[in-house]
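Two complexes are shown next, each including subunit A; its partner changes from subunit B in the first to subunit C in the second.
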Partner chain A sequence: MSLLAYLIRRVFITVPLLLLVTLLGFVITYLIPADPLAMVLSERAMANPQIVQAYRERWGLDKPPHERYLTYVGNLIRGDLGESIVTQQSVSADIARYFPATVELAIAATLIAVALGVPLGVIAAVKRETLADHLARVASLIGVCVPVFWLGLLALSLFYYRLQWMPGPGRMNPRMVPPPVVTGLLTVDSLLAGRGDAFANALHHLMLPAMVLGAYSMSLITRIVRSAMIEVLQQDYIRTARAKGLIERVVVMRHALRNAALPAVTAIGLAFGNLMAGAVMTETVFAWPGIGRYAVESAAKLDFAPIMGVTLLVAVIYIGINFAVDVSYALLNPRVRLS
Partner chain B sequence: MAVASAYPAAPALTTERAAALRRNLRRLLRNPSVMIGGVIVLFWLCVALMAPLIAPYSPTAQRVTNRLKPPSAQHVFGTDELGRDILSRVLHGARVSLPVALAVVAMSGSVGVLLGAVAGDAGGLLDEIIMRVADAVLAFPSLILAIAITAALGPGLQNAALAIALVLWPEYARLIRSQVIALREMEFVSAATALGATRRRALFKHILPNALPIMLVKASLDMGNAILLTASLSFVGLGAVPPTPEWGAMVAAGRHKFFEWWLAAFPGLAIFSAVIGFNFLGDGLRDLLDPRMSRRG
Partner chain C sequence: MKTTNRNTLFIGLTVAMGLTLAACAQPTAPAPSAPAQPAATEAPMPAMPTTAPAEAKVLVVGLPKADTRTLDPHRQYEITPPQIMRAVYETLVTLPDKGATIDRVEPLLAESYTISDDALVYTFKLRSDVKFASGNPMTAEDVVFSFKRMGALQDNPSWLYSDHVASIEAPDASTVKITLKEPNAAFLSMLVSPNFAVVDSKVVKGQGGTDADDAKDADKATDWLDNNSAGTGPYMIKEWKRGEQVVIERNPNYWRGAAPFDRIIFREIPDDAARQQALERGDIDIAVGLDVDAIKRLEGNSNLQVITGNTLDMTYLALTMNAELSQPLADKRVRQAIKLAIDYDGIINGLLGGTALHLPTIIPLGLLGTDPALAPKRDVAQAKALLKEAGYENGFELTMVYPGERKMSNVILADTLVAKLQEDLAEVGITLKVEPRDASTWRADYRAGKLTATIADWTPDFLDPHGWAPAFAVEGASAAKRVYYVNKEAEKLALAAAQITDSAKRAEMYRKVQEIMLDDAAFIGLIQPKVQIVASAKLKDVIYNPVYFLDYYFMSQ
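What follows is the complex of A and B.
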């Protein structure tokens, strides 16, 4: 199968999936037991059937479910995710405001996770069944099992409150003037504005939450790199490479790691998707003004439109990353296209 | 029953099975992951059963004069902002988290197994519909979808458990479906069919029992998952309501109290240890299963 045919097939799988995701979102939205009208109308207005009827017609609540679903999807396509009851703003505008903070945190966490997870996985595989391997395995198990919100609280309590090595919650010292918004990523914007002080401050604030958030991904990456490396190291071409007298470092780094890179790419892609979920808890603990905290705060106030907006956005990102991983997989490995 | 007697079990097979069972049990006890995980899980099970007997205080008894006391001989884990003994609350918390996790795994497991078996067995359009819905659910990160569903249903431990079950079933469905499809081609299933077993009988008596071990591994890993998700939902205020001694909610109570570290530290440690116990157990069980799985297919 050609690459183009493969891509087309992937698109044909992805688009219905996206539609199903919106259908699920629609179903959940209409699970809400409370009458949405009760939230916008006063008690007196609710008692007046004419007003209620007018509102029902105005919001299309009198239409049959399938028509309402079409309206819902139409709104989604136009980027209309509804309105937040609490902030009185459109959810899309809110998300646009909070999203860069989440992206910055997720990228930093991924960088940390890759920088630590890949070497740990390689070492564990090369020194298989030794103390180093067992330690790496236990460390990755801990990373998967530890509650992110608890890890965040402990880290804050130790590094911020006791040792005072790290700044407190938030993205930047509130007394510092933030750089003009270009990308929304404070570190990048500071550099673009040539503000070294702002960059250092933003980076310092970013480090602790990124480490906490990256712990889970690091564990995932360590596990997958380890098992991929173990499999590759048993291949004939590795024996050949060793037999022709290559030093072990070259065998591991050039021959084995490159071939183990494919599953590692998948792991990193999937880990990034999971980061979005972990970000919900990390942002809540670190008062990080991203979409995760926005969703949690809305959830606490039962403000439903923002929760569903964030949920759908994250699902779409997740599907998008999966799609990108599949495509990069096919580009890197011609064998994938054949299956 | 009359049907069952049509397939008499060969005695030789039974002894062989018993021997295999003993061999597996020995391997089970020699596996360090299973041992460590088993001991931790057993510990929490005992705590859940005996909490009222072993807890030094009532989990809800308040003593305002005793607020926010650090760990001491009287209160090993300290006291919270209402003067309640944290150790007693952590011990009683096992009676909340473990049953909720069990209910979640039972719900998601049974729904997932049923739908997965139907999908794998029926094939065609039904299979397509079930699995595409499963894919759509899996497209959401589980925690975020659980938050959305709980918020829609209304906060509370029961709704949180229901939401988590709704989020976790697709993995069971996928697992069972692939098992059903793989096992259907096995000779012992063909043999049963050749002897006149109906499709349904082949599914329930021959295929599903053979998929059971892998389900147990999944269930063990998911117990940890369910505990973590429940605690997370409670932490953000969608799960347990006060004064329920739920671990996640207890950690949340210590959120803004960095000086009183014991408020969050001990309940969090309880979550962490329970989750790691179930993960060790599941990991170890999977290690033991792996060679057999590879021999099968």
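What follows is the complex of A and C.
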């Protein structure tokens, strides 16, 4: 099967999958025995039939559920994610507003996790059963176990409040004028605007939350790299490499790590998706205006369109990753057939 | 084979991440900042000030999670907006003494006013020296447009206008005459509300605003008003970054003289500990919504000041009078026994460190006709005697459904409060079975009158007992219907008290309403929280008031 045909087929499978996601989301939201209007209208307004009627009409809540669902899907097919009752903005505008902050945080967290996790794992494996190994293992165990909001508060009060090495909550000093929005990633926008001061400030603000958010992934990577390295280091080709007289650094970095890094890379990819979802707590502690807080607040207010918008976004990210993985398998390994 | 697969997976993931990121980097919709601001995009970027000039005076206010849905003064009705609204919009009348007095009003944009003896016709003479930020003079036209628009939008606050006003007219450029549907002595106090903001009608019409009857569909000005302002206030809205901050800047045309700060930034810092640290580090100048323990620790800090004020919020216990829901509660003596069993002091001093008042029933203290002496005292012996009389000597089981993780009146976790009530009621033999619920489903059930016993909040709509008494005392009214409260005498008094203008007589009637409701014990007042705001000691005149929260006009450094 050609790549194009496969791609078309996959899209045809993906569409009903996404529709199923929306149907599930709709049914769950609908089954909750509460009125979304009560979450936004005051007691007084709820007691005024005219205002309630105007709201029902405005948000289509006066229609029977199946009709509301069909309208939603109809709009969705035209690329319209609907409007949020709470923010009174289109969901696509809301997502465009909040998502970049989360992406920036997640990228930074992943970079930190990789930059620290891989060397830690390598050292732990090479110096197996030494103090360095034990320390790395304890550190990674803590990273996996400690809840992120607690770690966030701890980090904030140590590095911001006590030591004063790090700036406070938020993406940038409130007194600083931010660069014009282009990508929504403050560090990138600062560079695009040629604003060195803003870039430094945004990067400085990014470090602490990124470390906190990345702690879990980092620990996971450390553990996976360590166990993979230990396995690889016992292989015949490592013994061969050593036997032909290569120095240990080359054996470890070139022969062992390359092979051992593969499972870690799989984990990194999936961890990136998890970071998106796990950012809620970090975003709350660090006053980070990201998609996690938007999702939670929409859910608390039973705001259907944004709940679905964020769900679809996450679904598309995962489906996209899976899809790209499948395609690249076939592209790079002739033995794998797309079917 | 295995190795190759891993290799391709690696490349695949990298490609996928790259694609995702590329997609994320392109916002699908235009960013909301500063639409329709002329020259905003043409302004040469390098010329933009990168930080505030050294001498610029910037005030940073740290807010908890902001509930702002809109900054359109005629639509907003959430907790966060009023303090921002107050800094950019003004009203015909305001609270005297920089907002410290709440039981009467004084003119602001009006020069004077008269009220007809039957409390039906309100006539305002406007000041002639008031200009909007645009430079346009304020006229009666603007007032008529503003009030009519607020009513016609059919949004959250519209009832303030549509439930009360029969007609509004401008006999001349400096006079506004409002005729009510029925006599209402409380109407003047409603005009203090930031929803009755006077907007620049020329500017708002230019942005698609309308006061016509079809405004709920035809008005298009809200998007503009979310990011700009058209008021007479000391500041102007510069930008609103949702979920992050609102920035307001000094209005150079302010009619009472230029305000002291170049810029005020309202920054959202949802986590209490983070907000407290930011205040101590000096990154923010005012912290709102810190908890009691944090404030206790900050009290000794000489760089900070703690401002305390009385809110008009309240948390109350609601007991149904419907025998189908609860046989015991339908008996007045049982409800009275519960009223006497509660350890109010323990709640206020023990759980809240004294940062609340004990309101007697449903009208917050400070308002006309209220008296702290009316508040019930704990009397376990009397409570037991009443239960015995009602035939529940051996106690009974009572189910309380409540919003578990909600912070009641923003100061006490519902779980904590209910645990205390459970303990208190156990002492008189009543077993409280607790059922915490999600706030949205709890609210739906309470509103539908399905709950036997619960705790709930009520926030002020305007500063007159009329904002409370009818809602709780009139059969079928929004609060009364939830517990099936019926008492014809209380109902008659609650309604009649709004129809006369004599304050002394009104006070007496509201007192009587409270006495009746205390005796019926369907609504039992628990707490009326004080609010505590911590600010930099350098700030002068940080004054709390229950309508606008903080009035930034008076504040200076």
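Here is the rule we use: the second predicted complex is superposed on the first by the 231 of 339 C-alpha atoms of A that agree within 3 Å, B and C clash if a C-alpha of one lies under 4 Å from a C-alpha of the other, contacts with A are read in each partner's own complex, and residues count from 1 in each chain.
Just so it is clear, a residue touches a chain if its C-beta (ideal position, glycine included) is under 8 Å from a C-beta of that chain, and two chains touch if they have at least 3 such contacts.
Quick caveat: nothing in here was measured; it's all calculated off a predicted structure.
Shared-chain residue A:Leu17: touches subunit B; no touch with subunit C. Touch criterion not met for A:Ala139: it reaches neither subunit B nor subunit C. Once chain A of one complex is fitted onto chain A of the other, the partner contacts of A:Leu191 are absent, as it touches neither subunit B nor subunit C.
Touch criterion met: A:Val280 reaches subunit B, while subunit C stays clear of it.
Shared-chain residue A:Leu156: touches subunit B and subunit C both. Contact with both subunit B and subunit C is seen for A:Leu302 once the two complexes are overlaid on the shared chain.
When both complexes are overlaid on chain A, the residue A:Val265 reaches subunit C alone and has no touch with subunit B. Within the superposed three-chain model, A:Pro147 lies in touch with subunit B and out of touch with subunit C [touch as defined at top].
Partner contacting the larger number of subunit A residues, of subunit B and subunit C: C.
By the touch criterion defined above, A:Val314 reaches subunit B but does not reach subunit C. Comparing the two complexes, residues 32-33, 153, 156-157, 160-161, 284-285, 300, 302 of subunit A contact subunit B in one case and subunit C in the other. Within the complex formed with subunit A, the residues of subunit B that make contact are 132-133, 135-137, 139-145, 147-155, 224, 228, 231-232, 235-238, 248, 251-252, 254-255, 258-259, 261, 264-265, 268, 271-272, 275-276, 279-280, 283.
The touching residues of subunit A, when paired with subunit B in their complex, are 16-17, 20-21, 23-24, 28-29, 31-33, 141-142, 144-150, 153-154, 156-157, 160-161, 273-274, 276-278, 280-281, 284-285, 295-296, 298-300, 302, 304, 307-308, 310-311, 314-315, 318-319.
Subunit C meets subunit A in the complex at residues 1, 3-17, 19-21, 24-33, 45-46, 48-52, 58, 60, 65, 69-70, 77, 154-159, 162-163, 216, 222, 241-245, 265, 267-271, 273-275, 277-278, 280-281, 283-284, 438-441, 443-445, 447, 458, 461, 471, 477-479.
The residues of subunit A lying in touch with subunit C in their complex are 32-35, 38-48, 50-51, 54-55, 58, 86-90, 92-100, 103, 107, 153, 156-157, 160-161, 164, 167-171, 173-177, 180-181, 183-185, 188, 193-195, 197-198, 259, 261-263, 265-266, 268-269, 272, 284-287, 289, 293-294, 297, 300-302, 317, 320-321, 323-329, 331-333, 335-336.
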